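These notes open a run of structures that come right after.
Shared between the two complexes below is chain A, which has chain B as its partner in the first and chain C in the second.
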Partner chain A sequence: MTFLPFLISGLGIGAVYALSGVGLVVLFRATGVLNFAFGAIGALGAHVAWQLLEWRLPLVVAVVVAVAVATLVSFLYGRLLAPLLSHRDTVVRAVGTLALALVLIAVMGVVWGELPRRLQFPTDQMFLTLFGVRLTYTRILALLLAVIMVGAITALLSRTRLGLDMRALANDRDLSAILGVRIRQTETAAWVITGVFAGLAGLLLGDLVRLQGTFLTFLVIPAIAAAILGQLRSLWMTAIGGLSIGIAEAVLTPIAAISPYRAAAPFVIALIAVTILGSTAQAALKDR
Partner chain B sequence: MVNSMTVSPPAAGLARALRGQLLAIPVTVAIFSGAVALLANSFWLSAATSAVALSLSVAGLAILYGQLGLVSLCQFALVGVGGWVTLRVGHAFHPPFEVSLLAGGFVASAVGLIFGLPALRLRGLYLALVTLMLAGAFQIVISAWGFPDGGSGFLGRADGAGRAMLARPAVAGEAVPYFLYVSIIAALGLMVAQWHKLAKPGRAWALIRKGETVAISAGVPVLIYKAWAFALSGFLAGIGGALLAGNVGQLDGRAFTAFESLNLFALTVVGGAYNWYGALIAGLLLRAIPALLTDLGIDGYVTIGIFGVALFHALATAPSGIAGQVAGLLKRLRARIGKDGAA
Partner chain C sequence: MRHHLAGLAAGLALFLISVGSANAAASCGVDGSDAASGEPIVIGAITGKTGPDDFSNSTKAAKAYFDCLNAKGGIHGRPVKYLVEDDQWNPEIAAQLAAKLVNDEKAVLMVGNSSFVECGANAEFYKKSGIIAIAGVGVPRECFFAGSYATTNAGPRVSMLGAMGYALDQLKAKSAVCIGPNIPNVGTWSCDGVMLLAKEKGLAAETILMDPGTADSTSTILQAAASKPDVIILGLPKGVTIPLLTAAEEQGLNQTIKFLSAASAYDLSVPGTIGPSWDGNFFVNMEFNDLEATTPDNQNWLAVMDEYGQSSDPRDTFAQAGYLAARIAEKALMSLDPKDITRESVSAAIRQVKGFSSDIFCAPWYFGDDQARHNANSTTRMAVSEGGKWKVISGCSPSPDPELADIRAFEKSAGLAP
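Presenting the complex of A and B:
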């Protein structure tokens, strides 16, 4: 029994989890909202891409429009609806995004139905052979994208004015407001960034696994697991956490006794992480 | 002892109000179920039966959210646990239905308590996350296991031939009697939940919600009362699951996704977590809206959209849900009648 093929296939999924986890953490740090609709937003984008490809539009257009749609939905919720709950508990604000997820699932269900589909990119056909195992370019792309996006966001947070504002908000919301940080603008920027992440993650997962509204919506669970491993703070820890969750899930496939339950790996990892890290990460979770 | 001998007038008034609030439950449920039993066809009767059964699990969730402000996103998984145990016990020993029902309730209560353990230390968002993970894990386990249908072994699966249905209770074999049976148990369950809110546990929960430090300094055993809330909530969910299993005699493993738990929580907020009839309203919305849309030939996904919009609306503008608005309306009506009577 060899684990190598599974490990390599896990790298692709893991990269998507990493990307999603980082998208969640960026938003949570700046706004205090944990976005349960992250997966649904990505799923919407992926469905749009599928539809455009069905209409024989070029791939580039499909991808750009998909990410744009995801970003737009995220922006609209963040600008119009999220502020209505901004003075409430963290939990209530998270549950508010659940409402968005339900609405998006309904839209996708009515328009596209529950028939499982798959996005197909030309990169699926191209592959490298690594230790006798095929590594498709889509997976490599996912990995590269994860690294580039995390790097870009880290640079943004540490080197730009917007990043400074976002870090200030994460630290102390009221104090930042007094010091003149434009809260509404900074929060909206965070929603836009998370929308881009959601769009990319949705596209990749729609290609790597399958394209189905409710399934992609629950992409948010392993992503949250990754975010918890990063204590809802550290971007790099979140990325590494996401990657490990994806690999753990894939490597369990050849073990027959565990195989039917392997999809539970993210949940189990997250449960352990919450129980251990929960008490130490209280500071990050104090109701803002 | 001296105090209980000489009940002061306000305490007596309080006791009367408590009795009145508790008695309102069987009266309302009786009127509702009488109307349904007389008017509904078999399609609506089945929908109403599962609606009433689900309202029990909503009542459990409402205790956690309404009384303690805890968000639990795995309530439908506990409904599944109750249903699973009921079917397992029912097929293994063929006891009277009530025994399987109570077994389902107690095991779900124990599991609910275990699920709630992290919450004894964690609060707020982390509890919501933990319970979401548990709902996700349960979805995977239950779709691998399925529900027992009369086979052998621990899982009790009969593959293909030899699949058995769980018999309904002896006194309520037909659809209408079973609906009334479910209504009676639901009324009892709602009364138990309501009693908890009005009596000592409710006061303890209110203090805990104010702040654990406050509660501890007032001498409330915080851990016990929190654990009790989780156990009670799980028990109600389990009974709900058992009643669902009894309705058709079988449950489908694919129907117990994490998504259903999210739906259940959304509807608890929409129905109203602070009034007992919020649970009934939520149960009805959960089952009646899909049934209505099916009847009208509208896509079932529209239901989910409606739930989503209703959830956000409830969160942003009506935190006490539909039940809270009904309560406000009743209060205004009563005030107006009182004024007219005085004039």
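Presenting the complex of A and C:
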């Protein structure tokens, strides 16, 4: 059996893992928060989009509102709750976002329930055929979006004042404060950016994977694995890491002995990454 | 004032319409009796409520039925005290709960159980304790290979093979792929049945076990389609089935391969969710009658749910299973002297249950006295997705599972089947 078709099928989800991983790293670099609620925020946006489409609103409205809702939730948490924990350990700050994830799961459970639903975009019907596999435009879109967003964020970080402030925060928070970096504003900007990433990733995963609150919430784990592969610093490495995780999970499919367990691939990769890159990640954490 | 009267009139009209369209009154126990007030009869149940999925619809329906029964005289004046415990999908907790219900609460019978882990943990304990479980929904193999555990449902394997039988007879399939979850004694057990039947009939067949938690359904579907089968048979929860069908549709496979599923995908919401491109291409097996059937007992089930259940309790195939388990228990208990209801007398009465008829079942239900295993429900129907609904497309037909040979032989020897 050839691996090529599976490589193609892994590309789409890999691209969304890349997008999610980069969203996590942007936030972590600027604020030191590892956002466990990333998946839940995206899932909320995806459910909002589904609801609007169900009400026969145009697709553009659904997509824009979905991303806006995700961004708003991320902004509100970043502005109102995250600062209360800003002087605590990295672990405490990360656990704080777990609370947000649980609240969002509950909200989605009450409003939409756990019934499996389908979120569909017109791009699902359009496709290229490569190695006998249909590569839908939704997946191509996911790939393009991942590249564009990483490019845009890289440009933002290197070319703008905000980017400079964010990089300064990433390097040394206390020193940045003394030098007059507006910490609160810079951090809020990072929360807004990560909210946009979460909204887009949620929409794509709702379409490509399944629209189910709890399930999408836990897809933050492969994204965290990607972020660890990027050592919580490098955007491009994170993007490549995310793509590799998606492809790895897919290409294990034809190997009979491993196939039933291939869903564990992101976790195993994350574990290996932590073991190998643990020391450097420790260093990254110490900066906080 | 005029507005007020108009509102009142409208309200009254709506009330009358709602009364007119409501189901007939729920029937249970001895109609016309007063609420039961005697010494309670303790019946237990173990269900998987919290965990990967809420799997407690069976006990919710059984509870509604017992509430109805208690309101109408109970068992000759004695109410049923129905104790439902949540095993949280954890075998250790399931075993603790069984000990609590059987040893501490002195339950005389277990009814409506519905769990992924309970059978393996407790079947032996029930046998030792001399208590019988009339379960609602059994899933793993252990639920169908125990002397004191009988379910009202057919089980995933019998249901999958019911679907396979349809693929062979009606769809004229020459090759098949079975996709099951990588859960021990569930996925392998079901798919082994498909492989066995395929071998008997000279079909090419293949098994794929998948992690229900995978995000990548496309690869599983590509793997299944690689051998270009005529049919793909799924034995997965509906939350996993829908993404697989979505991935298959994305690859255009709904045009070339017929998809069939065990009863787990038989939910009224599924045809609408998967959409019109699956019309005539996605078939499910049904362990019980059509959920919307207008037959008397099915209507009574719905009426009991409306009057005694919560409006949020699902009206699904698992709820049918729990309702039937409660009715079977009622029938056995009613045959006893109310002063002599003990675990021994109840077990003896259950052993005598034969020819329990309901239009929800395809064939009368029985408890195989002294049998090492039970699978009374082994006759199923098929439905196909069409226009956002399920359309029942076959009558009742016995599941062709080769493993049912002993069950069929017993039915014949006991005069339960021709």
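By definition in this document, the second predicted complex is superposed on the first by the 285 of 288 C-alpha atoms of A that agree within 3 Å, B and C clash if a C-alpha of one lies under 4 Å from a C-alpha of the other, contacts with A are read in each partner's own complex, and residues count from 1 in each chain.
Here is the rule we use: contacts are C-beta pairs under 8 Å (C-beta built on N, C-alpha and C of every residue); 3 or more make two chains touch, one makes a residue touch a chain.
Bear in mind the structure is a predicted one, so any value in this text is a computation, not a measurement.
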Fit or clash between chain C and chain B when superposed on chain A: clash
Partner chain(s) touched by A:264 [first = chain B, second = chain C, both, neither]: both
Which of chain B and chain C A:115 touches, first, second, both or neither: second
Touching partner for A:210 - first (chain B), second (chain C), both, neither: second
Touched partner set for A:249, first chain B, second chain C, both or neither: second
Contact breadth on chain A, by residue count: chain C or chain B: B
Chain B versus chain C as contact partner of A:124, first or second or both or neither: second
First, second, both or neither for A:34, with chain B first and chain C second: first
Which of chain B and chain C A:10 touches, first, second, both or neither: second
Contacts of A:133 with chain B and chain C, given as first, second, both or neither: second
Stretch in clash, chain B with chain C, out of 114-122, 240-248 or 276-284: 240-248
Residues of chain A contacting chain B in one complex and chain C in the other: 260-261, 263-264
Residue ranges of chain B in contact with chain A within the complex: 69, 71, 118, 121-122, 124-130, 132-134, 136-137, 140-141, 144, 257-259, 262-263, 265-266, 269, 299-309, 311-312, 315-316
Partner chain A, residues of chain C touching it in the complex: 53-54, 182, 208-211, 213-220, 222-223, 226, 238-239, 242-243, 246, 250-252, 269, 273-275
Chain B contact footprint on chain A (complex, rising order): 34, 81, 84-85, 88-92, 94-96, 98-103, 105-110, 214, 217-218, 221, 224-225, 228, 260-261, 263-264, 266-268, 270-271, 274-275, 278-279, 285, 287
Of chain A, residues touching chain C in the complex: 1, 5-6, 9-10, 12-13, 114-118, 120, 124, 127, 133-134, 136, 205, 209-210, 212, 215, 219, 222, 246, 249-250, 253-254, 259-264
